Every structure is written in C-alpha cells, then in structure tokens.
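Chain nomenclature is as follows: A, B, C, D, E and F, assigned in order of appearance, with residue numbering initiated at 1 for each chain independently.
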Amino acid sequence: MSENNRVKERIEKAAASVSDNYNNQGLFSVSIGERLPKETEIIDVLNEIRKIVFPGFFGEENSAYVNLENFAGNAIAMVYEKLYRQIRTVLLFRGKRNRSEDFDLEVENIVLAFIDKLPKIQEMILKDVEAELEGDPAASSKEEIIFSYPGIYAIFVYRVAHELYKLKVPYIPRIMTEHAHGKTGIDINPGATIGEYFFIDHGTGIVIGETTIIGNHVKMYQGVTLGAISTMKGQQLSGVKRHPTIEDYVVIYANATVLGGDTVIGKNAVIAGNTFITESVAENTRVSALMPELNIKTRN
Amino acid sequence: MSENNRVKERIEKAAASVSDNYNNQGLFSVSIGERLPKETEIIDVLNEIRKIVFPGFFGEENSAYVNLENFAGNAIAMVYEKLYRQIRTVLLFRGKRNRSEDFDLEVENIVLAFIDKLPKIQEMILKDVEAELEGDPAASSKEEIIFSYPGIYAIFVYRVAHELYKLKVPYIPRIMTEHAHGKTGIDINPGATIGEYFFIDHGTGIVIGETTIIGNHVKMYQGVTLGAISTMKGQQLSGVKRHPTIEDYVVIYANATVLGGDTVIGKNAVIAGNTFITESVAENTRVSALMPELNIKTRN
Amino acid sequence: MSENNRVKERIEKAAASVSDNYNNQGLFSVSIGERLPKETEIIDVLNEIRKIVFPGFFGEENSAYVNLENFAGNAIAMVYEKLYRQIRTVLLFRGKRNRSEDFDLEVENIVLAFIDKLPKIQEMILKDVEAELEGDPAASSKEEIIFSYPGIYAIFVYRVAHELYKLKVPYIPRIMTEHAHGKTGIDINPGATIGEYFFIDHGTGIVIGETTIIGNHVKMYQGVTLGAISTMKGQQLSGVKRHPTIEDYVVIYANATVLGGDTVIGKNAVIAGNTFITESVAENTRVSALMPELNIKTRN
Amino acid sequence: MSENNRVKERIEKAAASVSDNYNNQGLFSVSIGERLPKETEIIDVLNEIRKIVFPGFFGEENSAYVNLENFAGNAIAMVYEKLYRQIRTVLLFRGKRNRSEDFDLEVENIVLAFIDKLPKIQEMILKDVEAELEGDPAASSKEEIIFSYPGIYAIFVYRVAHELYKLKVPYIPRIMTEHAHGKTGIDINPGATIGEYFFIDHGTGIVIGETTIIGNHVKMYQGVTLGAISTMKGQQLSGVKRHPTIEDYVVIYANATVLGGDTVIGKNAVIAGNTFITESVAENTRVSALMPELNIKTRN
Amino acid sequence: MSENNRVKERIEKAAASVSDNYNNQGLFSVSIGERLPKETEIIDVLNEIRKIVFPGFFGEENSAYVNLENFAGNAIAMVYEKLYRQIRTVLLFRGKRNRSEDFDLEVENIVLAFIDKLPKIQEMILKDVEAELEGDPAASSKEEIIFSYPGIYAIFVYRVAHELYKLKVPYIPRIMTEHAHGKTGIDINPGATIGEYFFIDHGTGIVIGETTIIGNHVKMYQGVTLGAISTMKGQQLSGVKRHPTIEDYVVIYANATVLGGDTVIGKNAVIAGNTFITESVAENTRVSALMPELNIKTRN
Amino acid sequence: MSENNRVKERIEKAAASVSDNYNNQGLFSVSIGERLPKETEIIDVLNEIRKIVFPGFFGEENSAYVNLENFAGNAIAMVYEKLYRQIRTVLLFRGKRNRSEDFDLEVENIVLAFIDKLPKIQEMILKDVEAELEGDPAASSKEEIIFSYPGIYAIFVYRVAHELYKLKVPYIPRIMTEHAHGKTGIDINPGATIGEYFFIDHGTGIVIGETTIIGNHVKMYQGVTLGAISTMKGQQLSGVKRHPTIEDYVVIYANATVLGGDTVIGKNAVIAGNTFITESVAENTRVSALMPELNIKTRN
C-alpha cells in the first residue's frame, strides 16, 4: 500500500468515527434555511454598540469633524440591521420557527425595543464611569477608565446583554457576557439585576450569578463571588432565586464570598475581604473576618 | 550634528546593546533550515480541530447542505497537514534532528497517532458538555454551553493538548493550554490526567498542576487550585508526582485549595469552598471549613 | 406610516437621546487637529517591542539568515516612529498643547529616552525568564517559557509600561498593562516598582497596586493581592503610598493578600498561601495561616 | 466662529448638497428587508467555484491527504449556501418580490439548476486548458496555464456567469465578468455563446459582445473585437442580435475587428491581424489586410 | 565556513551593493518628520468617496434604515480627516515645508475646497451613469452600470483626481488615476478636462492625455487614444498643450487614434473605428477610414 | 423526500461528476510531502523585493530613522527564506524530486544566485525610472513614476522574473509576469531579453513575446505587439526564436505590430504608430504607415 493511501485511510477511518459521534447527538443537524449563530458576528454587534456609547474612543470617528448626533444615527441603523440578522438567526434555530412576514415583524419589534433602550444603557454606563473615577485613586481621568478598565468593559457588556436577556433573546446574551468574561475575568450572568454607579476594581475572578440583585452605588473588588449555596440539584434549580441581594451603597472587598438566594446585604454595609457569608447582613454594618491567627516562625 | 543623525545614532546605540544581550544568551540562534514554532499557527490547528469536534458551531459549514462525514474527512486531512508541519518544526528545533526520510516518517507516525485519537477526544468532550448541562441550572441548552462556556473551551483544549503531550511533542501542548488559560483564566497543565464528564463552572482562577489525576464525574468551581505543596526545590522536582489525586464523583467548590502529590480526595467526597487541604480525604465525606467567625459592627 | 419610516423614526429618536448624553459630558468633544489615542495602535507598538526583545519568537525574522543586530536596528527605528506618533497624540489630547517645533522636540526626547532604556528592559526580562525556569519544575526550557508563560508576558508588558510611566506619558502605560491583564489575568499597575528575577507562576488573579515596591528574586503565585487597606477615600489618596513593600528573595504563595502602604515583607520571608497580612513581616520569617479547622463528616 | 465650527459647517453643507443629489435619483432608496448585492460577496462565490474546478491550485486542500470527492461535496455545499443568499438578495432587490416560502423555493431551484451544471462547466474549462497548451509554444504545462494564464481565468468566469445568465439571474453575471475584465483586460459579455476548446492568447483588449456566437476550437489573440456595427440607437437595440457568429476552428489574430450581427466567419477561416471585417467570410478562407505601404525614410 | 555563515555573507554582500545603489540616488532619503505618501491610504480615501457618491452600493450602509444625509455628513467628515493627513504628507514631502500653524491652515483650505466640490463631482458622475444607460444596449439598469462598468469607475476616479489636480496637490491625483488604469485598462490623465455625460464602452486601452479637452455628451469606445504627436522632446514639452480637443456630442469608435494639441474634433462629428487622425475635423462630419482592401484566399 | 435530503442529493450528484472529471485528468493528484505552489505566496515575495528596490515607497520603513543598509540586509534575508520555500515547492512538484540534503543544497544555490543578482536588478530599474522621467512630459518627478507608473511596475516584475527564468525555476517567473500583466495590461514574457533604460508609456495592451531581444534605450507605447508570425504549429515551435529583435535607441509608437523571429529593427530606428511590420528595418530609418485615406462626409 502506498504512503498516500495509508495516510488517507487512517484519516478516513477517523472521519467515520467522528461522524458516528455526530449521529449519536441531536446537536449537529439543522434544517434547510437555518444556521447556528456565529460568535464573531455577535461580538461585532457588541463592538458597534461600544462605538456608539463612547464615540471617538474605539472607532475612526473624530468629533472635531463629525456631527455626533448624525454619527449616532448612522451607527444605530447599522446595529439595527446586524442585530436583526442575529436575532432572526437564533430565534429560527432555537424555536424551529417558520419563515413568515409575521415572524419578521416579531424580530423587528424585539430589535426596536432594544434600540429604544440604548440611550438608557449609555446613561447607566456613564454613571459607572463616574463611580470608577471617584472610587479608584489610581485612576487619572475618565478617558483612562473608558480606554483601559476591565470593570467598565464587563459592566458595559452586561448592560447590553441584560436588555437582550429581558427581551428573551436566546444564546446571544450569554455569548456576549462570556466574551467579556474571557477578556476581563469578570463573570456577570446576563440575568443579574444591577443598579446605577456600579464600581468594580481589578475585577479578575468576580462571579455574579443569574438571580443576583444589586442596588445602586455598590462597590466590588477582585475575586468576589455572589453565588448559590452549593447543592447537587443542578437543572432542578433553573429559574429559582439562588443568588444574593446586595442593597445600595454596599462595599464588598476582595475575595469575599456571598452565597444564597435569601441572603441580603443591607444598605450601606461593608463586607471586608476574604469573608464567607451565607446569611443576611443588616444595614449600616461592617463585617470582617476574624482572620485566622498567623503562624510566624523563623525560616530555616 | 543634524537631527536625523542624532536620532539614528541613539537608535543604533540601543540596537548594539540589544544585540549584546542576544549574544549573551544561547536562545536566539538557529541553524539553516530550522525555525522556531509560531503560536499563531498552533492556535490555527486548535481552531480547526474545534470545528471538527463541533461542526457548524465555529466554521462556515452548515449541516443542512454539507454531508458531515465528508466534512470531517476534509477537515481532518487539513489538520493532518498543518499539524505535520508544526510537529516537524518543533522536533527539528528541539532535537537538532537531521532532515531525512526517516525523520519525516517519524513525524508522520506521531500525527497519525494523534488523528486516531480524535474521535475519542470528541466523545470525551461531548460527555463534558452533558455534565455541564446537568450541573448548571443557568445553562439553557447544550448549544449555549458549546458556544459560550469557558470551562468547555478549556477542557477541549486540554484534551487535545494532553494527547500531544502523551506523544512527547514538545512546546505545542503548553502553547495550546496557555492559550486557553489566557482566554478563560483556567490553567490546566497538559500533563494532568482527567476522566470523563468533567464539570467546570465559571472557572476563572482554576489551576490544575502537571501531575494531577482526576477521575470521572468530577465537578469543580472557580478559583480551585490543585497544586504542589510549596517548596523551594524548583527544577529538582521535575517529573515527581507533586499534585493531588481526585477520585470519581468528587465535587470541589469555589476557591478550595488541594495540595500535594500524596493527597487523595476519595470517591464521592465533597470539598466545600474556601477550604485548604493538604491531606487525603476519605470517600463519601464532606469537608467544609469552620469559617472564621465574622466580626460584625455598626459602620461608622 | 410605512414600515421604513417607522423603523427610521425609532432609530433617530434613539440617536437624539444618545446625543443628549454626549452633550451632558465633556468627554466626547475634541478640537481640530486632536484625536484620541487608539488601543490597537498602542498594542501594535507593544508587539513590535516584544519582537525586538525575543527575536525569532514572535516575528517572521529567522536568525539563521538575518543579522540580528541589523534586525534590532530596523525594528527599533520602526518602534521609534510609531511610538512618536502615539505619544504625540496623547500629549496633544491630554495637555491641550500647541502644535509647534518645540513640542515636537519634547516628544522626540521622550521617545529617545525610552529607546535608551530598551536594552535594560530586555536584560531584566531575560533575567525574569531565568527565574521562571529555575523556579518551576513543569518548565522544560526557556523557549517554552517565552512562548507560553503568561507571567512572562505580564512582566514584559509591565517593564515596558513602567518606563513610559516614569517618563510621565499619559494613558499609554495603563492601556498596555490592562491589555496584559486581559490576556493573563495578572494586573500589575505600571506605577509599581519591581526588581530583577521576578517569578510569577500561573498568575491568574494577581493584583499589584500602583505604589507597590518589590525587590529582587521575589516569587509570587496565582491570586496574590498586593493592595491598599480598604478605605472609602477614593481620589483623595491619589499619589499616597498605599501598597506594600516586598523585599528581596521573598516568596508569596497562592491567594495570599498583603495590604497597606506601611507593610513591609522583610528580606527572605516566606508568606504561605491564603494568608491575610496587613502588618509588616520580619526578614527570614515564614508566615502561614493557622488554617481554620476542617469540618469533616460523612456525606449524606 | 471657531475653527471646529467652520470645518463642520463646510462639511455639513456638502452633505446637504450630496443628499439633494440622492433625492433627485430613484437609485438610492431600498425598502426594509432589502439590500443591494455586494461585489465582494459575489467574487467570493466565484473564488469558491474556482477551487472546486481546480482542486489544490487555489485553496488550502492537498490531494495527498484529502479525498477529492469529499472535498468537492463540501465545497459545493458551501457554494450552494452562499449563492443562495446572493441570488435571493438580487431577486428581492430587482423584482421587489415578497418574502415567502414560494419565493424561497424558486431561489432554491435556480441554485440547484446551477449546481447541476457545475460538472459540465468544469469539463468545458479543462478542454479550454488543453486548447491553450496545444496552441501556445510558450506554455510549458497545463499547471502553468491554470496558475497564470489570464485567458483561462476570463473563460472560466465567463462559463460560470453564462450559466447564471441563462437562469435569468440579474446583476451577478455581469459583476462576475467585469471582475474578470478588470483582472485580465478580456471583456466577455455573459450573454455570449462560446463552444468548446476556446483558446485566448495574451488577451488584453479582447471584447466579445452580448449576442456573439462562437463555435468549437476557436482561437483568438489580444485586441480582437467581436462587436456591433456602430449605430447611435443605444437602448433600442437591446435584445437584437448585433454581434458576429464565429464558426468552428476559426482563428482570429491580434487586433482584428469583426462587427455586425449578420457577419458569419465560416468554419476553418483564418482572420489575420489588424483586419477590419463587417461582412461574412466563407469557410476555409484566409483573410488578411493588404497592409498600407510603409513610408520608410532616413531619420533626421 | 559553516552553512549559516556562507548564506549570511552572501546576503550581506547583496545588501551592501543595494545600499550603494541607494546612496547613488537622492530618492531614498527623507528628513525627520517626513514620510512618503502611501498608495494604500490614498486608495482608501478614494473608496470612501465612492461610498458617499453611491450610498448602499459599496459600503455596509442600507438606506432602509440609515438617514442618508446623516450618512453623507459622517462619511465626508471621515474623508476630510484622512485626506487632510494625505495632503499634509505629500506637501511636506514634496515642498520641504516647515511644520507650522500656517501650513496646517493651508492644508485645511485645500481639503475644504475639495469637500466643497464633492456634490458637483457626484452630479457629474450621475450624469455619466445616465449616458452609459442610454448608450449601451447591453446595460439593463443604472444599478448594473454602477456595480460593474469599468468606464464608470475610471470616470469617477478621474473626476475626483481632477479636482485635486486643480488644487495643485502633488502625487495623489496620478496615484488615483493609475489605480483606476490598473483596474480598468482606461488611462485618463488627471489633468485632462472632460465635460458632462461622458460615455465609455468596454474601455480597455483608452488613453486620454494630460492636456486633452473633451466637451459634453461625448462617447468613446475601447482602444481610443487621445494623444500627443510623436516627438522626441520629452520633458521639454511639459505644460504645453499637446493633446486634442473633442467638442460636444462627438462619438469616437473603437481603436481610433486622435493626436496633436491643435487637433479639434468639431461638434457632433463621428470618428469611425481604426482611424488615425492628426488634423482637425469639422463639425457634423463623419470620418471613416477607407479600410485597406482585404486579401481573401482559400486557406491551405 | 425531505427538502434537506433533496438538496443534499443534488449536491452529492454534482460532486460525484466533478470527481469523475478529476480522475480523468492527471492534474489533480500529488504525492505525500508535495504541494502545488500558491500564487499569493509568490506575489508576497515579489512585494518584498519591491520594498528592497524602492525603500520607503511601499513598506513601513522610513529612512529618516532606519539605516537603509541594515534594512536591506534584513529584507533580503526574509526574501531568501520565503523564496527558498517557494522554489523548493515548485522543484519538488515539477521534478518529482526526492527530499534530501543534496536537493536542499541545490535549492540554496539557486536562491543565492538570485540574491547575488538583486543589486543589478535594482540598478537596471533605477535606470528605467530615469528613462521614464526623461521621456514623458507628463511626469513630474521620479517619485511619481515609482509610485504610479504601470510601465515601471511591469518592467520591475519582468526583471525579477527574468533572473528566475534564467535559473530555470519553473512556474514562478510566469506567475509573476502574469500578475503584472493583470495589474497593468502589459504582458512581458519572462523569457524576453531587455536592455537598460527601457521606457514604456501608458502601456495597456503591450505584448512582448518569449524570444524577443530588446537593446538599450528603447521606447515603446501602448498597444505595441512584439510577436510571432502567425502559424498553426503551436507546441512544435517551443524554444525556437519566433519574436523580433529591437536594437538600441529604437522608438516604437502606439499600436505598432512587429512580428517574426528574423525581424530586426535596427539601431536608432523609429516605428510610427499603427504600423504592421514583418520584415527588418534598417538603422536610422523612420517607418510610418501611409495611413489609409479618410472618408469624410457630412453626418446625417
């Protein structure tokens, strides 16, 4: 047997086995006219929205020459068209919907509802930027924060994804927040509810679960988990409130863990770093861990 | 002295010093016919494999029109050729090998051995996806998991890299897993051994060391370290088992730390979050930290 | 009203509101001749410098054919020109400077001062690579470290950004280190001072604050925070030393937290994992946490 | 008035005038759900088809490893999907069609009819390659012809475009042939009818009009025009046969001009270079110009 | 001598000789702060202008959603900024100008003068499109002409370049028209003067010289040369009118040659194909060649 | 039968027929380890050489900062490596050669021989630029010529390809010159021999055949053909001198045709436009056509 044939045969044998795996799953078959959503196209929409929210920072436009209202109009129209295509794709794929004029209108209404929310999303993020500047002594200006703070990027993506989540768009919100998670190490589920002036510093390792509720003016540092109390129940818990509620003006320092759907951190409370909290904390209290004593000895 | 000359002179002075640094290292000289591997090309191979494992999700192919067995055959043949080139490059560079027909055959055998494993790798990952769906109440479908879960991406890359690691391919496995580490914050050494139905949630900050052994149906959350007990011995420990063994059905919650090559977490055990474990844990036990008491006072 | 008009109207209404948001902020207006810096161009400079520091590893050049001193000269000249453009842009934007021959000369001097430092930066990083090889039993060679260790990437970027920080270049240093933060999960503020032979393992979640001082031969693992003691004072603290000092040969294991501007970890000290330290530690001591007792019970 | 405002005002004035021009044309308005075709996407389809016709020559596939039948299957399926999208776009735009299931089916039938023709198109082009090799003493092999002969590229594009033209697809055929015209200087209207074993040498300046009919084994050199007899009637002639008929085995040398819908160049005729022909030529004749006498004098 | 050294030595010897060539030319040295223009950036400006002139045809914008006046405003502002940079570059380079506020203002005035002309340029091209539709029986619609007719592309580029030529911008106009020449085979010098409703069919091989003057409603086919009478005087003729004048409503058929600065083709004249004209032609005349008799014999 | 199946079936039927076509040709099968050359990679080499020949014009390098000798050294080393790979590929493919150390050395010698010629190639082209400037009254400077004259591009590519042709490298020379043909409409066979100070104006439609010999200081305008006398012998003529010889200082005006391997245009001769020449022309003569009389009548 020639070398060519030997290699080809081994490749085809592998292909046949891989193909058996395909058939043993319902995952890999779609119908004529459908396709799966594409992450790159969804991230593209996200980047377009970022340019609208922060004109001049991430695109080619320069407000010295460009009329920014016109710029926004154009850019939103572009977002409209791209988002329309993405949402149509995921609804067709998820819902096994018929292609029809009615369905097209339904998609249009979802996209328009999102577009309506854009100015509000932007206001929220600009307040988050203010909170960042006020809270971080290392920040030299709002521009620096917009350009480089991972916390602001993660919150921006969350705020966009959350509106799509509320409009019951499948796949897209989570693809967006996991993209931000990959770039920042900050994992905010699009289902969470987060108020104004949210401040994140450093941020790597932050986890904010799907049913979390966070008030206004909350500050949070790296490694904070707002999670579910451990259980083995998995899918049975889908939809149940299993993550905590954080009220206005709460501060949670680095690596604190707050768990449980009934856990409420009351207004104005301060949670010190490295604490582990599974019960509610009253308003205006400061909770710190009695850190374990240190064992100090001369190094040999 | 003209401005041109002044700038050029300063640049050339810097270049001369940089060049001295080159010469003081053996690192930067290669022989005719050799080259260093390129990260971009290796990641390209990884992306191609991902398309084979999850057809329709990350490529242009659409199973409504494409015969998936043919698709897999083509795609594996492409992977064959690209991987052949990469492995040839690293073996030439690492081993200072002669270019010869024998050497070419050796490379071919390594690549074919990897190709043979592809269906098995895929089966494993599809089981990991199942574990993810079952274990995470926020997951709405397998598709969402494949598209967006960083845990699945990190495990996929590990499973590919691990097979290359077992075939003693240098550089490439680590370049692959560190790429996944960069994208997900999950650091799995390609030398680790990990069983079926592995579940990772959130994932940022997970570290799984080179000599770790993990059984089937294990669940692990963000910030978990499976590490070595701290020592100052560095390279002397190369090859020694210095990371723990985790048996089937173990669950390790967020930010737990399990250290040591002799530490065995027995079948079915549950390790709570924020624990620090340096000794073995028996089967069917639940280990939690007596968390340090909290110091709660009114905030002033 | 036609469908076209309805959609356009909703889009323009959103644009008008977005534009109101622009006007309520001083952020989005620049003058003729100015522009905001662009992240992509800054990262491009960083990548060029990386090729100079590690020739053959990340570019197309191959030392089998290329004279490396010539290579360095060319590449530095390219960096000169690109960096000149970026620094000019940020100084114009930040400082509302006049475009003049004097200003051009000022920019030139900053860039030349940076170029002068390049060989020193490179020497430092090559020492960091040595430290990495010596300290990590899983590392098989310096090449593997250069290719794939996130710690080396983060330190490299820090060392470049730190020189620009010392030259009082705005925006660019932070954009650089946050880029590295995004890729590695390692957050080193460009203002920190870090000595030779710095070793980082795994690295995800490391935070090193702006006024931190680190000596030579220091080793640090994932999740270590060198931070400020929590306060609510925000911008009032700008410029104050609020992060710790780490002396030569100190080792800090995973997830340790060291806080406070007056906290000094003395020469040769070892800080164990999961410790929480807010006071100085004497030279040659080993500090470990008396870990909270574990609560072990049979799992039901 | 500030410099900013002056510039913006001039820009907006220009925009208003440009916009008036838009409104004075029906050209620039489309309805919701429609879009104009995009040249880049159409050329992309053309490139995909070229890979199918000449496997290994223009794509990444390598027949040493790839099963070419599988390759063709995959690639045709990709072409199917992309062409479907393009044809749907142009039909919607041109015909102001309703989006409906019936319309989708109509598009599908057109695309399938084209797919059915692909093997025939390929056979034809492979014969054209043979003709090229036989006819050109400078050609060293079929491979060289496929890689580099502009004549083959132009004929290939024509053969693809002609099938779409016959299926009454608007816009796309002409965009394809004008793309080839731009790359080769050979302008073949997609409506022309061209037989087997068509040979073009050099080719720049060749023009073959819409209603031309060309038999088998015809050879043609640079600068040949097969055109209409000059008239001023423009659009009134749309659809009328106004270009010549060229029968089997005819050879037409460089810069010959053959005009008129009733002009027939009979089987086996040879038309010499620089001739100007507006009447039919009998079979088996050789037509040359009595070239004007040359005026030769000593150069002063 | 090792293989490495032998290769490097040969390369460096070639580099030294190449460098000698550099030094023997004044061409390759620029001063600090200068750079040569870049073709890619100039073509980029051209493409942006094309999107403004034909909205929806070549960009992403879709008039179903986008307000086209806003679109134009944005796009012109982008063109302003890019063109400013290019013109500043060429003037600095060509004129060895000082960088100063005065110079910046001079550039601004040139760019604004061009922007003022944009609506007029567009009107002219839309008339050219009309002429194309009316004159070509193979044209099915204005859209097809805009998408695919090389004549329209060449005229568009000429009309843009001509305005810059009139503003005495160096390099850029010719780089633009030669780009069009490369894509279409139509070579129109930016210095030529061309009236309204200009019609070009097929076009390959058309040459229109620098001092040509063309009136309104002129039609021209492939291979037409409007050139200078042959002389050996080269640069001595720079600036002299040496190309013909073509008055309104003239038609010039394929491959006609019209030469000489004093040659005037009078209003309404028709010049047949393959004619060679070096003297003026009166209004309302039709000039055809008495084509050389054909020599027809039976082919042996 | 479902819609999915119907479409897939038609696609697979087409694939089977296409695959039959593959098998009926020897063209599409290569052996393990071989691949076909890739046009894009060959053009890439050409572009790199262009940057060496004209530093600053087409690359990023700027001689204000870069030492041009170093630049050339680096760039030539890059060309060495890339060209090595391409030549190795074509020789393996064409010659069915064994991979061996001897073969590698043979490739190396070819590439080095080409590198040796680079300075000479550059000198030649710089002389061609001088000829262009001197001969064209519309040319404003050498820079404009280098940037935008298609004649210079075509000659540059020819000069590179001709050296490779002389080294008997298959495929690559023709791929290069046909690339230039596509961009400029100027078709120079790499086998032609062309002396110094070659001048081409406009250029579209020029054809220079494989066995043409051209002396120094020759000038040539658009549409000139230096061709073979028409024959039907095709491949039988391979290698025979069948194109003319043009001696020093000859000028050939637009659309002249010179044919035949024995035709010699003597030193200093001038060939007027639109002439058709198949016999030798003596030195110092001027040959013009007695143009056919014009038929001038009033247009009706």
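The working rule: a contact is a pair of C-beta atoms (placed from the backbone, for glycine too) under 8 Å apart; a residue touches a chain by one contact, two chains touch by 3 or more.
Not measured: the values here are computed from a predicted model.
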item	value
Set of chains adjacent to subunit B and to subunit D	A, C, E, F
Cα-superposition angle relating the copies subunit F and subunit E, to nearest 5°	120
Label of the chain whose CA centroid is most distant from the centroid of subunit A	F
Pair joined by the larger number of C-beta contacts - B-F, B-E	B-F
Selected from B-D, C-E or E-F, interface repeating D-F by over half of its contact pairs	E-F
Centroid distance [mean C-alpha coordinates] between subunit D and subunit C, Å	55
Between subunit B and subunit C, centroid-to-centroid distance (C-alpha), Å	24
Of all residues in subunit A, the ones touching two or more other chains	4, 7-8, 11-12, 31-33, 62, 64-65, 67, 69-70, 73, 77, 80, 108, 185, 204-205, 223, 255, 270, 289, 291-292
Graph class of chain-chain contacts, one of line, ring, star, complete, other	complete
Complex contact set, residues of subunit D against subunit F	52-58, 62-65, 68-70, 72-73, 76-77, 80, 108, 112, 115-116, 118-119, 122-123, 126, 133-144, 146-150, 183-185, 202, 204-205, 222-223, 251, 253-255, 270, 272-274, 289, 291-299
In the complex with subunit B, residue positions of subunit D that touch it	60-62, 64-67, 69-71, 73-74, 77-78, 80-81
Subunit F-touching residues of subunit A, taken from the complex the two chains share	3-4, 7, 31-32
Partner subunit D, residues of subunit F touching it in the complex	7-8, 10-22, 25, 27-37, 39, 94, 170-171, 174-175, 178-179, 181-182, 185, 187, 189, 191, 204-205, 207, 209-210, 223, 225, 227-228, 230, 232-240, 242, 255, 257, 268-270, 275-277, 281-282, 284-292
In the complex with subunit C, residue positions of subunit E that touch it	4, 7-8, 11-12, 32-33, 64-65, 67, 98-101, 104, 108
